[in-house]
Amino acid sequence: EENKTMRTQKNDDYMPSLITDTPLEGRMLAITMVRKTIGAIQQDGDIKKAVRKEYQDDAALLMRAAELVAIEFKTIAIANNYWRDKQEK
Amino acid sequence: EENKTMRTQKNDDYMPSLITDTPLEGRMLAITMVRKTIGAIQQDGDIKKAVRKEYQDDAALLMRAAELVAIEFKTIAIANNYWRDKQEK
Amino acid sequence: EENKTMRTQKNDDYMPSLITDTPLEGRMLAITMVRKTIGAIQQDGDIKKAVRKEYQDDAALLMRAAELVAIEFKTIAIANNYWRDKQEK
Amino acid sequence: EENKTMRTQKNDDYMPSLITDTPLEGRMLAITMVRKTIGAIQQDGDIKKAVRKEYQDDAALLMRAAELVAIEFKTIAIANNYWRDKQEK
Amino acid sequence: EENKTMRTQKNDDYMPSLITDTPLEGRMLAITMVRKTIGAIQQDGDIKKAVRKEYQDDAALLMRAAELVAIEFKTIAIANNYWRDKQEK
Amino acid sequence: EENKTMRTQKNDDYMPSLITDTPLEGRMLAITMVRKTIGAIQQDGDIKKAVRKEYQDDAALLMRAAELVAIEFKTIAIANNYWRDKQEK
């Protein structure tokens, strides 16, 4: 049976495409992907708030969160060909 | 002799292909790959439940799980050419 | 509702483009991206100062910060085609 | 003198090629590569059993092992061109 | 205001180019990049010495440092097309 | 002055090229690169032996070492075009 902890809520398509207009928008999509994935792994609101409280002033965990954003951003940057063609316009 | 802990149950082909229609489906395949790999490394149901209990409200471990999803997703995104051609249709 | 902790201040576009003239400038953009992302995840000034105090003399955390810079730099280096064409000029 | 801890037993060529027929076979090769590499780093059977006992019910270490599989799988997936041409047949 | 901890000393351009003649030189550039980045994050000489003392006999931190070198080396290897053309000469 | 801790002994060119005949040889080169890099970071023989004793029966550290090998192997695999052309011969 599908492990309910890891089920991504299909109705909430937070990532219809990896294409964005600018690097900054790509960065925000990366942040959304990290949040939504943690949300799919742990769907309980209270636990998510407790987890947030745990990492929000912890240097190691804040850097962990930043690393997750960096890993997703790399995928998005390649998908958008590094927004190079945006330069020529 | 094949180390039984790491044997992947051949009958359960959870990954016949890396190709998916949308980024979100690619994300769900990535989550399945993480779950199934941990399942291949540790096949005992009780231990898996205990492990789940251990990480489900731990900020560092939740971010760890999210990182595994991000690493698998990168492979799937490249395999699907970032669903770019889906854009033009 | 948008998770306010992860909201990136849209007005502060610290990354209009990934293109830089030299590897060193690419390195400084990578450092800015890490700082701004941690800033987006944790916007409270006092907490950021406390976090800074925590990691600034901790070997493991300093290496963590250096790793984040290395991951962002890799993306920027590819975006700039490794500044190869800068060689020929 | 060759550091014996890191010597890979040349006779046991567990990786004659990176090419596999299916993603699942690629996944199993990745798992074998992780096992054999740890085996090359630590060749003592008793220690390997003790290490197995240590990680087999530890969430952080199980995720670590899954990450190693994910990193090797990425290399194998690229080597097999993501089994794309297998799709057309 | 520019976060002074992360300011890279512009005058000290330790990385005018990513191109090197041999893999070994690429490896040494990677090591320099790691050192200089940690130096940009933490510019205080005494703290740097204390940090050095902390990691120089710690297995986990030494491997951390080796990982940072490996990540930078990957970028440099691609930039130099893996020194393949050096083979043909 | 060159930071002596990170100086790689130029005379010992353990990596004249990234090209190897087989994946297994590529794996052994990756293991050598990890050993030599840790050796460059920490050149004191006694400390290296103490560090070896520390990680040789520690699950987390053994997996760390295996990860370093996996990261280097990825670079070598790409350099050798995944030994694909070796298949056709």
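A few notes on this one:
Lettered A, B, C, D, E and F in written order, each chain numbered from 1.
As a convention for this text, a residue touches a chain if its C-beta (ideal position, glycine included) is under 8 Å from a C-beta of that chain, and two chains touch if they have at least 3 such contacts.
Note that the structure is a prediction, hence the values are computed from the model and not measured.
Distance between Cα centroids is largest for the pairing of subunit D with C. One simple way to say how far apart two chains are is to compare their mean CA positions; for subunit C and subunit D this gives 32 Å. In terms of their C-alpha centroids, the spacing between subunit A and subunit B amounts to 16 Å. The geometric centre of subunit A is 28 Å away from that of subunit E, both derived from CA atoms.
In subunit B, 34, 58, 60, 65, 67, 71, 74, 78 are the positions where the chain touches two or more neighbouring chains simultaneously. If the chains shown are joined wherever they touch, the resulting network closes on itself as one ring, and no chain has more or fewer than two partners. Listing every chain once round the ring, from subunit E with subunit F next, yields E, F, D, B, A, C. The part of subunit C that touches subunit A in the complex is made up of residues 3, 5-6, 8, 10, 13-19, 33-34, 37-38, 40-42, 47, 50-51, 54-55, 58, 60-61, 64-65, 67-68, 71-72, 74-75, 78-79.
Interface of subunit C with subunit E (complex): residues 22-24, 27-28, 31-32, 34-35, 52, 56-60, 62-63, 65-67, 69-71, 73-74, 77-78, 82-84, 86-87.
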